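Note that chain A is present in both complexes that follow, paired respectively with chain B and with chain C.
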Partner chain A sequence: MLNRFWKKPIGFKLSTVWIIFILFLAIFRDLLPGPAWDESTEALGVGPGSPGHFFGTTQDGFDVLAGIINGARLSVLVAVTSVLIGGGIGTFIGITAAYFKGTYDKVVNVVFNMMLSIPNLVLSLALISVLAATKDGTPASDGRKVGVMILSLIIVIIPILGRIARSATLQWSTREFIIASKSMGTKDMTIIKKHIVPNVAPAILAIGFFAVGVVIIVEGSLSILGIGIAGGASWGSMLAIGRSYLEFSPWETYFPVACIAFTVLSTNYFGDYVRANLDKRESKI
Partner chain B sequence: MGAASFVVVMCLRTHRGHMDTLRIIVQRLITIFVVVGVATFFLACLIRLLPGDPASIMVSNALPDQVLNIRSISGLDKNVFGYWWQWFSNMLTGDFGYYYQAAGNNPVSDVLKRSIPTSILMVVYVQIVALLVSVPLGLLSAYKEGTRFDRILQSVLFVLSSIPSFALALVFSLFFALRWPILPPLGYATPGEDIVLHFKYMVLPVASLAVGIIASYTRLLRADVIATLKEDYVMMAMSKGISNSRVLWKHVLRPSSTTLLTSAALNMGALIGGTIVIETLFQIPGLGYEIAFAIVTRQVIALQTLIALVAFAYVFFNSTVDIVANIIDPRTRERRA
Partner chain C sequence: MSPVLKLTDLSVSFNTPRGMLKAVRSVTIELNAGESLGVVGESGSGKTVLSRATMGLLPRTAVRTGTIEYLGTDISNYSAKEVRDLWGTGMAMIFQDPMTALNPVRRIGDQLTESLVVRLGMDKKAAREKAIALLKRVRIPDPDAMMRKFPYQLSGGMRQRIMIAIAVSCNPEMLFADEPTTALDVTVQAQVLELLSELRKEFNMAMILVTHDLGVVAGHTDKIAVMYAGDVVEYAPTRQLFSNMKMPYTEALLKSIPRLETPTGTRLPVIEGRLPDPTKDEPGCPFANRCPYVTDKCRAEKPPLTDGGNNHFYRCWYPIGGAQ
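Moving on to the complex of A and B:
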């Protein structure tokens, strides 16, 4: 296994290391030493490399490194849950629509096209502004915001992966071995499970990796627009606060921006890698 | 309008299969209508799902008769179908609803008059810059396929295409507006007010949006050019002794550019929505900025209209591209049949 890993291209190794690092931060956040992310210190806006504050502190005295570590957990939580759940639902709908065809497929197609006709940031904006609204107009609590954000992103992800699953299934469902299997009287669900899913899985996996990147970017964008998670609890909200002080303490913005960029880069790399190998396999057939 | 008259002219000119083209146009128009209709209905449902009364959400401490007034103007007193139909049919006649404020109602169309040209200008600049850079880059990279230059360029482009535009925007504004103040950090001037200032304000936002697009366009064009270079007629042209650059620009670029142009056109709609963050960061009063502003000030009716317009632009560009691509390259028609 390790042997095979060393033979991979350099981008693959870097991406793997980065993703493992982020997952490590997300899981072991509470065990890591260092100042708490939400406790202000006396050092206001000191630069990176200061004693005790490796990445510096914000203008309000919060430790940037601690914020990054804490933000990793939220980013991973939002990205992984929304892509897994949204991808699961989308894939199921897409595969069954393409396999059974008929009115069901037509309805699914129109609904997917409609959802995809709204740019994904706009769609999540609209959903969050409705779902997070409270009766008296006070801002929702952070916990509720995270829940609402995940729910909105699930709705955004469903058509993205659903359409890929649908078109991949359409390609495979006319292949001879599927028709042969059908004519032998195999149950539909068995055909889907044994023949369709394994063949469309790589394409969905590739887009799934891209979707993780999309989710992380949307999370950052929402915070910049002022309706995401507030108070520096996520990378996006750190840079949303930091950008007002760009002139005085740029590190406040750069570290979260770099984390977002590296994470998106890594997941996009995996997506590209899976897709490239998918084409290679197809061309061999 | 330009696209529509182009389509009509092309229909009259092609004898072969013009019935086919007409049928596709009609089909597309029906699709636009259905998708926009369903999408707006979905938005209308969302507004009705808001906890509490939308009228009192928009105007805090509204007087009872003001609430009643808002409800009757906007159609909120009807059921969800009636509400949707009033809003949708009003939009078709040019009435885009109002910003409801304690001081009075401001029509959304006033905001649209300023923000739509701004957004369109920005998107057009991004497209021009992206195409100007990516076409030569794509041709060169395909021509040098497999060399060190090509491999390094591919890696650089991959990295650039993955960096979110807001990250670039923040980096650019630190370096080119704060550290070396050669450009204004934020703000906007229309070309009518001051054309030089207009371009100065546009440089940073356009650059931050264009970088990622340049990367994806170059990769698209490179792939198509590599495929075209393997065609026999390219070999033929080369063996006639035509210079390499002439072959690339005159013989290879045109047949390889369909995918690029299609995706450039598709990007038009997506960009209008995607500029929200950039417009907010640079305080440019375009459609995206107005969407963000409507959310923050809880102007749900205006928000609903703005989002519907973005969706319409997106679907419209999609369908126009389909129709035009179909006329330019009849092979897509045969392939689909």
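Moving on to the complex of A and C:
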């Protein structure tokens, strides 16, 4: 397997290594050595390569490397949960709509198009400001903020993947093998499970990877706009703080930006690669 | 005993933007257990629609009238669920193109055992054994290995055998074969048809074999219905039809089969003209514009289905060899 991996294009190798690396950081954060991400040190705003602070520290004395490692966890958590849940719901709605057609399909289509016509960022912005509002006007707790952010991103993801699932299903549901299976008296849900899902899965998978990239960007943007996760707990949040000190300690901004960029590039490339290769399989049939 | 299938005045129309398209016009057909009927006609004559309408596999835009009796029960008003309960165990269909009628991403074994498990309630192990027996029966070499293969690894003939195995897996009373050999090459055609005939006798199934090739039905059917523009224009036992054909259209069909003995360079005889517009109801015989024996009466009045004796029916004013 490793042998086959080495024969893949360089972009695929880099993307895979990066994604695995980020996942590793997210999962084993607590086991890694180094300063805690949320404890200030005496070294205020020291540059990268300083002893004990490989990526330097922020103006407030927080270790940038620790922040990056911690941010990976939150970014991955937000991206993966929202894409998995939103993608699951969207795929289910999309497939059933395209399969059963009728009024249900028409309603789903209109709702999806309405949601897609609003830019991702604006939609999640609106959702968060409504959902995270507390009665007495005090800011919501961090946990609640993360929950609300995931929820709003789920709503953003549903039409993106739902539309793909719907169009892929439309293509497959009129294929002869579906009619053949029907003509043997197979139930609709069995047909969807056994015949439609395996065929639309590649398209969903590829777009799912793109969606991870989209979600990471949106999460970062929301944090910069000041309504996302605060206090440097995510990459976007580190950016939001660091950009004020761009002329004094640019590394505070550079490292999280690089992480966001590499991660988004990697998921996009990975999605592209998956799709290209599954298309190849399709063309053989 | 009541016939397995009895169609009375079955008509199918499609609602199109240009009006009602009449695909099948008032077809009456009867089929007993173990009997096979060949439905012949050119593209667009309604033969596929006829078989799909009988199964209940038509799209929503279709309007069906007339009655369909299956084993003496009228099933034409059955709900979608009731019809579906018949599918597979009562009526099954083999599709034209085995390349598209198998799911490309599932293994042969899974597709074959699916209906055994879902419809007959077999457990996985029993279904697997039955599936292997079926594969052996349709003469697939090394059935154990075949169970694990994907459709793209098989040739067209193999896939069609798999389709046949799937169709007969639940022991249907009635088998529809919609141009089962059109997508296959000639040597494989003969084997597949032979296999179908054997299985029909073995399971005592009634079979409707839809094809545009008179040569295909000749050796494998008991009776033949020739369709033209949605009408059954000639309906007779196979031997009777070939020895004593009445319809000019049937004759023209037979003439347009290429023969080995004609010298190279000879033009293939074709039937000039095309099918009439199915959305319009024009007076006269629908074949009038293409018929070599056409008269004024043909253009003015549509001939009724005439009983020529010996179970031979035709729809022509001036049958070949005269009326009996």
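Criterion: the second predicted complex is superposed on the first by the 285 of 285 C-alpha atoms of A that agree within 3 Å, B and C clash if a C-alpha of one lies under 4 Å from a C-alpha of the other, contacts with A are read in each partner's own complex, and residues count from 1 in each chain.
The definition used in the following text is that a residue touches a chain if its C-beta (ideal position, glycine included) is under 8 Å from a C-beta of that chain, and two chains touch if they have at least 3 such contacts.
Being a predicted model, the structure only gives us computed values, none of them experimental.
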Problem set entry | chain C versus chain B on the shared chain A, clash or fit after superposition | fit
For this session: Scan A:Ser181 for contacts with chain B and chain C and give back first, second, both or neither.
Result: second
For this session: Could you say whether A:Pro198 touches chain B, chain C, both of them, or neither, answering first, second, both or neither?
Result: second
Exercise. Given the touch rule stated above, what does A:Thr190 touch, chain B (first), chain C (second), both, or neither?
Worked result: second
Exercise. Now for A:Thr16: first (chain B), second (chain C), both, or neither, which partner does it touch?
Worked result: neither
Exercise. Between chain B (first) and chain C (second), which does A:Asn109 come into contact with in this model arrangement: first, second, both, or neither?
Worked result: neither
Exercise. So which one touches more of the residues on chain A, chain B or chain C?
Worked result: B
Problem set entry | Lowest inter-chain C-alpha distance for chain C and chain B in the superposed arrangement, angstrom | 11
Problem set entry | Contacting residues of chain A [partner chain C, same complex] | 175-177, 179-187, 190, 194-195, 198-199, 282, 284-285
Exercise. Can you name the residues of chain A that touch chain B in the complex?
Worked result: 11, 110-111, 113-114, 117-119, 121-122, 125-127, 129-130, 133-137, 213, 217, 220-221, 224-227, 239, 243, 246-247, 250, 253-254, 257, 260-261, 264-265, 268-269, 272
Exercise. For the complex, which residues does chain C have touching chain A?
Worked result: 55, 57, 84-89, 91-93, 95-97, 100-106, 110-111, 114-115, 118-119, 151-152, 163, 166-167, 169-170
Exercise. Which residues, counting only chain B, touch chain A once they are in their complex?
Worked result: 31, 34-36, 38-39, 42-43, 46-47, 49-52, 57, 60, 155, 158-159, 161-164, 166-167, 170-171, 173-174, 178, 269-270, 272-274, 276-277, 280-281, 291-292, 295-296, 298, 300, 303, 307, 310-311, 314-315, 318
